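Going in written order, the chains are labelled A, B, C and D, and every chain counts its residues from 1.
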């Protein structure tokens, strides 16, 4: 592999998401797109033509046997992520794979281990983490502008298609969870997962879902997903000890607001409080300015493919690496396993 | 007791809420306010003068011994609700009592039973249920305008005083729960209560709380309360099979919106669906008009005291009777008992 | 000309707007797109290929000489609308022309007269009039749902490009004026035009503009356009004697709201009012429901080309005919002539 | 007059606004309220009792003859402002008078001149100028945070009482004009006044009004007032060369927003621009952060009476002095004189 020039990549899977990946790899100065691979040759050919007449492959084995290939992007059904990723890694290729990283934690762990053993980059395409707004949120938390995280509420609801293969948690929550994993210091490692799902229309799976995730030191994250809401809401509130932010993704005028407001408990403990049942504990309020940072216009997927290139070039994990994909998968599996107190 | 004229009432407790009750009883043509009772004579006298120079009593026993009294309104600390209500009922007086109806289910049950045995009205002052917007919501559900209830989400968050005696569930959720009890057909009788509380500021009690309440047939209600939010939200969404409503109490321009939108699952079962992992189940969407009913201007507490009079006059339970108070209390107790999976 | 089959059309001008027209004519079952005409052959060829390999013409004369052509769509600079339209009409072709219909009232009148004399359709492409929301507004007014129109306020402001050739009135107000012309009974025929422009950045032309248009019976329309506003506003309020509507084009959740509210003056005249300086006139208020009709998803330009076909087929004026273009042009010219009291 | 202690004041007029003034003078540590004066003794007595049993006067002459009085606040009908103010000034009393300062410019000028000659404070009660939000706006402009003012748009519309004695300009616009006078550097001195009023309901006076005020250097202010709007709007936008602010008085969450956005014209003149009709002039855009300053909770009228005391104590004009009242009156008179091009 020649790292002096731009790395060479192929996209496996020319279905729903593959064309977006191919378009961005083709347009990025960080990459050379060499091939598109799909069992359906017509589909592969059409995509290959659209992005500048790159090679068409219909066999993954033949693709991976090529010498002129450094990396692959896998955009196939979830059940195939595990075998394709292992094959690619064993052929010495770096891999970026769609989410969910795999359909079981064991398989995902095996993929992560294989990449580590071989010193290859394994990245999960958590696209949302590469939007300007999420980048800004991560920066605000890293810089300490929010202080300690006290609570997170994420709401992702709308009139949505009832999916035949997954419930509302697996359909919508991966977005929220991958973002949480990206912005929370140390990633998303909840103490436990409490999931409550409702199926009020008899769909045979949860169409309304609530996740509660204690994230340490009394802080709690919640995720509310719903396929049955008449209005669309995409909102995340992250409350900190110094400041709180609200990200309202459907408000183009003010997508991100940072509130310099909060509650601080004074030093004395609750037991020192006098007995007047109506007296409030000694808390202080900060009611400061609100601030809405300007956000650049930038395509998230372009950022993602560039980060993939940078991780390879610098020999470091990608910002949304296989471990990140594994952490998100772990929460989803735990949610399914314990839903509505099932395991308790 | 002479029911030919307006009933005569006394207010017990001249603290925080008592003056509001006294003012409304005094102003209502349905009532004659005859006395204000408080151990603190100065406080009682000040209130008695303010509402038109009614009698001042400092002893509940002497008050309840009066012949010229048909009913009492009890606005004292929660721990005293049980003995005062029992004494009043045993003295043959109708009672309206502040919420929570008592500080334990057993005591509340005893109060309810005593009233029933004596044929007296026992009412809980769930004030919010007498606002024009909640009355309209109940009407929409009763009329079948929403169809079957599929989900409810209630959010009540703001920068709030950390209370020394109660956590955020007991401070804020009684409002949501009493409203749910009022508008849901058959009242609030969840299959179970899942409560998750967070204390990220070391207050010694939950400051952030999530309640999930399965309410039958797969429908699920959630209540989110939070003392640490920089912005105030008072919003309830009630999703139905025919229509969905959103009540945004802080939007004076459009407090209540009814959406003629929804999702309907077609008749075939999920197992009949073909295997295409990306094909959606057969659902139909309705994307109709939105409608915001005009709401009258009306003081809720005035409605409440009038309902108390009507229940007495007509010999029927009040709309927010003791049973309603008991149902709300039961959810709160269950939440405390099982919080964060405690009992599981 | 054979009207038994779909009429045949050519698009003249392959610059900014021509491709949109060509794409819609090509896709419409009501039309057969036969040619694209532009002096720049490369530009014409590229467009012709993109819409399905129709003929390329570089000479308008040759295009108009074709027998297999029923109509043309003219999307060239405003100064050429007059000669091109006259030539097309004289060649017996129906014409739809971009706005403004011409660069002077005299020329526009000549075009209208020529079309009338020849019994051909002359249509102005007031695209906005074919959006679902404007169609609904027109319907509400035609049906009498709003009652008599009392006032109209239209605001169209944002950070906009300062155009070198036109001021903010000619850049932005044609949208508002063509909509007003479309929805007001009888079209836009103001008693006079009062225009006030400001040029606070030294651009050499108005960058901020206010139009006031008395539209009869004391009713007044205003149009506010501004290139210097930090936030984008696209809002029109139409107040009627029965109801009032607000169209907020940037609110996807509730684009159109109809308020069943209003003020009615009681019958007695103002001179009958008693002298109490603070007593209000006898007015009655209606504070009824608000209603937001569902709007279909539909491309406006598709509707426009279909209306062009229907007008030809039915031998009637198009809904936004040459007269409409003339009325809009008249207001713009009057605004320029009288701006800031210039003629007064 | 003894300025070592707090000055002594009387309120003349116990009608609509007088009680608010009396309450604030009584509560302010900067003042001693000594009397309330009204021809209607019962009305005066009731108010005097409510604010702490101050003296009751029914004769202005007797009131002004008192030695123990330093200042008066005049809250009587507009027609009486002139004689009462002159009498008070001639009796050596400082005066704060309700708006409008008088019912003609000549009278107002005479009042201003009389106060100046006698070295007394003459203040106009432009209450809105003492709100925290207007104080902040003035500060932002004074500090240069907005840069040069380019445009101002003020909207004050709602379903309002049709007043028998004044039109919508005199009823609502004094608020906007007094605020503009307060925040614009040098006060409100428009180059001319263009007023357009509509009376679509036959009220015999303008119910819908538009004011356009060129305020120098191409900048333009507009004021839109309307009694017939179904929704209430209280919004002012002030566009500057450096930043722009929007004050939305009905948005409690974000009353004031400052946008670090704008348009700057590059140096070359418009005549240097090339002829491409669609090329934009060389402008640069700034798309920076938005900022919403925290505003203190403070009663405006308390601030106003304190400013009155401070102006007397420091021997300086009040911030909303007689000249300010005169400037506002001048715009209103000019609007009436020239409405709908009357004088042109």
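Definition applied: a residue touches a chain if its C-beta (ideal position, glycine included) is under 8 Å from a C-beta of that chain, and two chains touch if they have at least 3 such contacts.
Fair warning: this is a prediction, and the values are worked out from it, not measured in the lab.
Chemist: Farthest from chain D in C-alpha centre terms, which chain would that be?
Modeler: A
Chemist: For the pairs A-B and B-C, output the one whose chains share more C-beta pairs in contact.
Modeler: By number of C-beta pairs in contact, A-B is the larger.
Chemist: With centres defined as the mean C-alpha position, give me the chain B-chain C separation in Å.
Modeler: The mean C-alpha positions of chain B and chain C differ by 53 Å.
Chemist: Could you work out how far the Cα centre of chain A sits from that of chain B, in whole Å?
Modeler: Each chain reduced to its C-alpha mean, chain A and chain B end up 40 Å apart.
Chemist: What parts of chain D, by residue number, touch at least two of the other chains?
Modeler: Within chain D, the residues that touch at least two other chains are 231, 287.
Chemist: Touching residues of chain B toward chain C in the complex: what are they?
Modeler: Result: residues 254, 260, 287-294 of chain B touch chain C.
Chemist: For chain B, which residues count as touching chain A in their complex?
Modeler: So the residues of chain B touching chain A come out as 16, 77, 148-151, 153, 159, 161-165, 192, 194, 196-205, 207-208, 210, 212, 214, 217-220, 222, 224, 226-231, 237, 239, 241, 244, 246, 259, 261-265, 269-271, 273-274, 276-281, 283, 285, 287, 340-341, 344.
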